Each structure stands twice: as structure tokens, then as C-alpha cells.
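Here you go, one structure.
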Amino acid sequence: MASRPTPERSTAILLISCPDQPGIVAAISNFLFENSGNIFDVDQHVDPDENAFFMRIEWGVEDFGIERERISAAFTPLAEKFGMDWELHFSDVLPRVAIFVTRDNHCLYDLLSRYESGELLMEIPLVISNREDLRNAVERFDIPFHHIPITKENKAGQEKKEIALLRDNNCEMAILARYMQILSSQMCQAFPHKIINIHHSFLPAFPGARPYHSAFKRGVKIVGATSHYVTEDLDEGPIIAQGVTQVSHRDSVKAFIRKGRDLEQTVLSRAVWLHINRRTLVFGNRTVVFG
Amino acid sequence: MASRPTPERSTAILLISCPDQPGIVAAISNFLFENSGNIFDVDQHVDPDENAFFMRIEWGVEDFGIERERISAAFTPLAEKFGMDWELHFSDVLPRVAIFVTRDNHCLYDLLSRYESGELLMEIPLVISNREDLRNAVERFDIPFHHIPITKENKAGQEKKEIALLRDNNCEMAILARYMQILSSQMCQAFPHKIINIHHSFLPAFPGARPYHSAFKRGVKIVGATSHYVTEDLDEGPIIAQGVTQVSHRDSVKAFIRKGRDLEQTVLSRAVWLHINRRTLVFGNRTVVFG
Amino acid sequence: MASRPTPERSTAILLISCPDQPGIVAAISNFLFENSGNIFDVDQHVDPDENAFFMRIEWGVEDFGIERERISAAFTPLAEKFGMDWELHFSDVLPRVAIFVTRDNHCLYDLLSRYESGELLMEIPLVISNREDLRNAVERFDIPFHHIPITKENKAGQEKKEIALLRDNNCEMAILARYMQILSSQMCQAFPHKIINIHHSFLPAFPGARPYHSAFKRGVKIVGATSHYVTEDLDEGPIIAQGVTQVSHRDSVKAFIRKGRDLEQTVLSRAVWLHINRRTLVFGNRTVVFG
Amino acid sequence: MASRPTPERSTAILLISCPDQPGIVAAISNFLFENSGNIFDVDQHVDPDENAFFMRIEWGVEDFGIERERISAAFTPLAEKFGMDWELHFSDVLPRVAIFVTRDNHCLYDLLSRYESGELLMEIPLVISNREDLRNAVERFDIPFHHIPITKENKAGQEKKEIALLRDNNCEMAILARYMQILSSQMCQAFPHKIINIHHSFLPAFPGARPYHSAFKRGVKIVGATSHYVTEDLDEGPIIAQGVTQVSHRDSVKAFIRKGRDLEQTVLSRAVWLHINRRTLVFGNRTVVFG
């Protein structure tokens, strides 16, 4: 794993949200045009009901008229003029990501397989688990595995440890890959809109525990999975991606679980891909996804 | 509309549910075999957790060894031996169906188009509405239209009228094609598991009123529609069919509604097709669908 | 049908394609900004491999700084500077559309139902058919029905008649709603990228006649439908929309056809909606769909 | 990996196909009933056009009236009477499977993850590859990796080696997990309907090489993946499972490939699950899938 895959080209990515008003697009376009920005991709959205403007714009950083260290400063006046919330990212600065797991291996393997193939361009400095089950699976990939068991009594302290581990490893974000623990608010607040969870139902149907059992009991004909940002309200955070698949009376709860696993891993990996490619914006409790 | 489409062949259809035990299939098979039954279709299902057995079996009625009037009597001993709940239908006896509408025309037209083409083999002796909006649409098809307005005050009496109308027209069932009134329990009890509704969400998510608005507000990435049997618990009846479609941040509530309409009409018509082809069995609050 | 539904607001819509180069977005944005254009929706796309730029932009026409009659002239210099292919439409000028049918009614009814409800904002001055079967269905909606039978011998002449009918009725486009005749090149050339067809397979699989029979024979597990612009190469035109649904060994050819009908009508109506809302651009043999 | 997951219960599974005639179901039911067979699952299908009968029946082997070694002999007279093609399997005799790979790791990891979790109950005595790329990925799972490079010149000989390896390892079947070599007829004939491939398109659309590039060029709006039994006619074998996902003009060929990978691994693993659970029957060039 000495030489990890790298992005094809070095780009700068701006993610912008602000109140809508005439002239925003023209101003941003001119900013890039005047500095010889070679735009690779631009996507924008106006929510007329909320009078909100959203944009993702990606351009080549190497031949840009402003050095990468100075882009933020150069853009700030324009951002202030329009009251923008904004983030600037560079495609060649890979996000450092902690993965949390418990016992199920399918989401973990799916992430690791895409990580190894270079589809998910990120660093994984560590995996954290409240159980030992998946140590072997993780260490096979030469990734450090941290066993941090959680009980009601030690939860606050153990989470502090986890936050420290993420900070020490410069992780900007975390993925809960079927991590079977509810995060406390200290954890949620430490990484706001930076923790991605997969819930094994089509939210808002069947929040909480054992959704497949509930879905079976209700007699649904379709089951789903939902990937969302973790907030303090369990299973209520902004949704990034959802997937569904058909079931029938022939499917037992076990079959629901088996079919659902396919969804969970696919939906989670899609959400992670969107996030680390800086294609998601949170607005209120919804997301704008430049897919 | 003088000569309505008729089924290709005359068949008898048995729908059976009973506690599972060895020998059921052998007994039914022998019953048909000994009377020269030419089986066209058989489908069965065992729910091991509930120890329940379900079967749908369809055979030619014309060359069967027992006359159609005497099949019930001939089958009764076997049914009693195994404690069966059972129904016997004939494909050439078309179900008589009342359709309830309010203002939206898409489900109505979809049903009428399939009725006219012969895909939905049923009789529609009447359409009932609490508004006048769709009178013209219905009468174009030479189907009597009954305007029965409902207020909180007159509801009980008006529903009595509706029940009488259905009885007078020998309707065995009803379809709520975006009928914007909640049925009272007298109506539900008059036609148990014989009234099919379409709800414009992926139940159990977003029950009740304005589901597209709720779905939009929650920021879901997929919307759905659910067709179910009406019971006294609103939106809680056994689900027959569900469908879903993708939405994104680009979709306004209006777009949710527009995309949802495609689902509503398709899912409702599929549920109706399944029911009138005697392919559904209710078991507790779930359905077995021999699709 | 005296008062047909009208659009909510009067907008101007520009559809643009041109070689990509820096400054296009800035130029267009400035053009609108300087004339107080209130942008409702903008969507753009750059195809880096083809170096092609595509845009759809929609703004309010009532308070725009340029009168609607003069917008074209005012935009022309900018369009010429960037070598644009462009179209200007107004949402309150409803497209006039001819529908062609043969015998199947489902796509026809689906279109008429959406037309009547105002989902499809268009005028339908006439329906043309090579058979009489659907006359009644059409005339119910107070739309003139023209029976123009086609044989190998009379085809060229009859198509001339059809073209004349469309011209006389100021139809800018046509919809083939399961019209079972192959259009000759004179017809295709008369309305380039203005005739929308529905093909009852997932193209390019199963082009030509009897696709459901071929799909059944091949043993596929999913069937589809494809809506595309008609070109002289049968079933080879630019695809606008596709849909699919699952099938199994339990499904006969007849079931394939029945399930396929749901797709055909939904996919065709979606494609028509996209086209008449000026959300499609043809580029080579592909489409850009601002969905 | 010392203790691999085992099936929950020991069952016998009969897969039967034969010409349809009255009395088959009764005969089989009686055979099991008379020997105290506890049926867990039964599914059957009649293809009326082909006059063909198909059945899968699964029952408990431990309390069955006939010892497992003698079931075949006991069933043979009945099978001969009805001219059956039949197979008898036991759920606790895990199939031994060889996996073939080349360079892409996603299908491999998906299979290994499901193998490790016990979802895919099978033995994997070896992985074969024409390249070295995935050695490390395989050996991590303590599975022997065989590098057997193939050139036009050495193909016949190398395939002989592969067949010998499979025979030596008692492999009854093989999975081509994005194995980028066309099997010759000697290989196909050595394992008829026992080699499962994943093709990265919605067959029969885009057979052969580089299907995503072809799909992109054709401008499709949906891409697919197809898992099928390998026959001597490339990409023409009986289809077991298919999946699809939406694409748009925003998706480059690279995005088609990325989205397709999700399908490939899911569809392949589903097909393998169906096969090793003895839920597939080949009939002509189609499959009956008791899903």
C-alpha cells in the first residue's frame, strides 16, 4: 500500500451557499475568468422558496492565475459581498477518514475495496470498533485497528478517547459503517456534518433499532437504506443518499437483511464518494447533492 | 362499450390459507387430479414462523370433472379437514367495482384506460365522488357518475347511501382513486379487505395528509406510493404494492407531486390487477401476493 | 375544455450549445444581470471530451429590461461571438402537438390525462391514426381525429397529407404514441428532432418489431422502454428517457407486454414533459436533459 | 478462518424439470408425505407454451424416513415415470468454487466479504488469475492464488491446467469475477452451466468489449449488469440476474464505469447466491430462478 492512488488532476473546488440575488454567477464567473481559471465542472441550484443559492465549481489549480495558498484571501471580498457560506478544497489533498465498525463486515469491505482500487480517494489512518470481531479484517489492509469498548458507564470517557484519536490522526471526518452505538452530542458537535452513517431502512420509515424486523412486520413490498449526516437527533440528520429494493411475502426477515446489505454498502459508499468529492452541501436539514 | 373484453379462458381459482401441516399439497393435487383438472397455474407459500400455508391454484373449468356449481360442495370436506380459509372464483365472472374519486384525474384515467383495453377485466357500474370535477371525465366513458358530497355533519348518512349504491349495483369491491375522504368504520366493515386505496407516499413513511410536502421537508432522495387495503386504521392496512422513484434537491414540492403521480397510477392499477385476478391473500396485516 | 390550464408565470427560456471556452457563463450572466433579468432556473453542462458547452436558463419575461419581441435581436451578438446554437422559447406560448396512434390506447390516455390536468402544457389540435380503433377515445376529448390509412403503395402520398395537416395546424412537433408505422425520411426531415417516439424495449436491446417476444426468448430478467427522437435510422435516434421493470420466469410474453405498458406510458410522458418544457438538447446522437 | 459458517439446518433439495402432465405434484408430494418429509420450501412453475414443469423442493433431511444415501435410489422410479431431469443436493455439503479474476477487485472483495460473513455458504479452495495484481488481495484471506497467464499461443494448454486444478480441488463450479479472458469451448464443456460470469452491460445490449464506452456513445439513460452462465457463445448464455442504474449526460464514461461497478458486484453475488442455494434451473437458453 506504499503508493496509494492519486487524483488525475489537481483542482480547486468551491462549495458556496448564500441568499440568492442577481449577479452572483456573473461575479464568480468573472473572478475565475479574470484569473484564467480553466473550469472543469460547475453546478448550481437556486431554491426559489428559500431564496437560496448553491454552487459547486471546480477548476484547474496548476495554471490558475492565483497561487493555491492565496485563493482564499483573493475570494474573500467577493464571498463577503454576497454573504456566502463557502468551503475551498483541493482534489489532491485527500481527506483523512476514520471508519467505525462493530460486527458486520460488508460495509467495511466495500469501503476498503473502493479505497484500495482508488475509487474512494481518501486516507484511512485508523478503524475504531467497540468490538474485536473485525480486527483481522482491518489489519489485513495494514490499517491500525483500535478496540474501544463502550458501556453505558464509560461512554463519555471512551468517546473523548475517540475524539482525541481522530484529532491526533488529523481526521476531518468519520464513517459509521454499521457501527452499532449511538453517538452522544459531544461527538456529534465535534464533527458537525462530518460523520456519515448508514441506516438500514428507508428513512423516515423505521428509525431506531431492528428496522428489518419492523419492515417485515408491517408487510412492506420494498426495503431501503439511507445514508445521512449524523446529528444529535438519532436518524434525523440530513439525507445524502437512499436506495431501495423489492421484497415479497417469500422473503423472511433473514432475506430482508440479506437484500438490505446490498443496499447498505452501495448507498454508504455512494454517500462517502459524494462527500469526499465535495459534492454535498447541507442546507437546514436537507442536502444539495451535485451528483 | 357494448361488447366488453372477456377473459381468454374460463378457469376456477382457489385461494387457500390454513395452518401448515404435511399432506395439504398432496390432498389438493389429488382432488384436482382425480377430477381431471387441467392446472394452469399454481403458486404456494409456507410461512415457517407463522406455520401458515398459502396457495393459489387455477385450473380449466370447462373440462373439469365437477360442474362449476358443485365445486364448492365437493371441495368443502377437504377444506374442513385442514381448517382452510378459502375462496373460489371463476375468471369469467367479472368483479363489479365502484371507483371513488375527488379531483385528481390521473388514477381514474389510468384505470379507465386499462378497463377499456381489457387489461383490467372488471365491470364498473358506477363512479362516486364527493365533488363534481370529474363528472365529465367519467361520463365520457358512459359510466354513471354519482356526486355525493361529504361534510362532517352528513358523513354517516352519505356513507350509508354509498353502501346502498354499491349493494344495489352488486359491487363486491371499491377502488379509492385519490378519493380525498377518510372512510368511517361502517364503510370499512361493510367491505373488509375489499376496498383498495392508493396513498401517495412510501408507507409507513409520511402517513396522513400532504405526504409530498413532508417528504420534501425531510429532504428524502426517493419518493414512493403505496396501494393497500383500507382498514379502520388510516394508512395502516395490508400493503398490496409499492413503487418508488428518485428525486433530488432540484425537485420542488411540485416536482415531487408530478413524479409521484406516475407512481400512484401505476401502483394502484397494479394492485387492482392483482386483486381482481385473485392473486392476493390477506394474512394478519400483511399480504401474500402471487404476482 | 373551454379554459385550458396555463403556465404559472411567463418566462423566457434559452437553450444553448456551443464550443466551450472561458467566459461564456460570465457573458450570459452579465447579459441578464444588466437587463434586470430575474433568473428562475439555470442548468449547465460541460462535456470536456467534446469540449462542448450546454446551458438552459429561464428568467421572468414580464419585468425583463428587454421586450419579448426584441430579446432575440439583443442576444444575437453574444450568440455569434461564442458560435452558439440556440433556441429562445416562452413558457406562455404553448407548443402545438400532433399525436399519432394506431390501436393501443394506454399511451394516448396517459398523454390526454396529463394534458387535461395541465401537467402537460401543450395544445393538441389533432390526432392522426392509420386505423379507426381509437377515434372514439380521441373524440371524447373533443380533439379532431384524422384517419389516414397507410399501405406500402400510398405511404408517400399519405405522409405528405400528414405533413400538410401538421403545418396547417401550426404543429411544431409530433408524438408517436405507439404508432405502428415507420416514418419515411421525408417525414423525419420535415420535423428534425421534433418527433418523439416510444419504443417498447430498453434500446439498443431489441430494436425493431416484437421486442417483448425477443426479450422473452432471450430470457432477460428486466424489460424496458425507451423514448427517443425519431431519425431516419429506425430506433437509433437520440434517447430522451428510459425506464425498466423486473420480470421473472413466471412472466409470459403477455405479462411482459402488460408490465411494459406501464413503462411505455410513463417514459413517453416524461420525455414529452421534458421536451415541451424545453429541457432537452440534442448533441450528436445524444441528448442533454436538464431534468 | 478455522471454523467457517455452516448452514442452519441440514436439508435435501430437489431441482426438477420435466414435461408437464397431470399428477406430478401429487406424486412428489406423496413421496415426501409417505416418508415423513418435513417440507421447508416448495416452489414450482409451469411454462404452458413449452409444456414444461419445474420444481424446487426442500425438506429436512435429519428426520426424513429415508437415509440421505438412499434418497436418490428411492426417488429414481418416480423420476423415470415422469421423464424428469433432476438434481439432488444437501445444504450441508458446501459447493467448492474456484474464482477467476484479472485486475478489478470489486467483485472479488464482494464475494469474499459475503463468503467470510457466511452469506455465501461455499468453499473457495483457490483463486486463479491471468495476472498477478490481486495476489495480495486473495492471500490476505488465506486462499491459494494461482497465476496462470494466458496468451493466444498458450491458451489451450493453460486452460487444461486450470481444468486440472479445478478437478484436483473438487471444484464443482467457477465464478468469473471480472475475469478478462474468453473461455474456450473445452473449458465451457468441462463445466456446463457451472461457470457464472458477470458482464458489465444490460445484455443483450452491448455485448463484447468496452460496453460502458458503447453505452456512453449511444447516449443511454440507464446502464446495467448481467450475470449469466457461460456457454460457448460469448455473452449469450442463460441469464441469472440483471441490475440497472440511472445515468445522465452529466456522467462521463468514467462515471458509467464507477456506477456500473456497484451493479456488477451486487448482481454477480446475487447470481452466485441463487446458484449455490440451488435456486436456478436452466431450460433451453433461459433460467427458472426460484428467488
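Per-chain residue numbering starts at 1, and chain names A, B, C and D are given in the order in which the chains are listed.
In this text, a contact is a pair of C-beta atoms (placed from the backbone, for glycine too) under 8 Å apart; a residue touches a chain by one contact, two chains touch by 3 or more.
Keep in mind it's a predicted model, so treat the numbers as computed, not measured.
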| item | value |
| --- | --- |
| Label of the chain whose CA centroid is most distant from the centroid of chain C | D |
| Pair with more cross-chain C-beta pairs in contact, given B-C and C-D | C-D |
| Whole-Å separation of chain centres (CA-atom averages), chain B against chain C | 35 |
| CA centroid of chain C to CA centroid of chain D, Å | 42 |
| Interface hub residues of chain D, defined as touching at least two other chains | 48, 250, 291 |
| Residues of chain D that touch chain A when the two form their complex | 104-106, 109-110, 112-114, 116-117, 119, 137, 140-141, 250, 258, 261-262, 266, 269-270, 273, 291 |
| Residues on chain D engaged by chain C in the complex (per definition of touch) | 45, 47-49, 54, 202-206, 218-222, 224, 238-244, 248-250, 252, 284-289, 291 |
| Parts of chain D lying in touch with chain B, wherever the complex brings them together | 22-23, 25-26, 29-30, 32-33, 36-44, 46, 48, 246 |
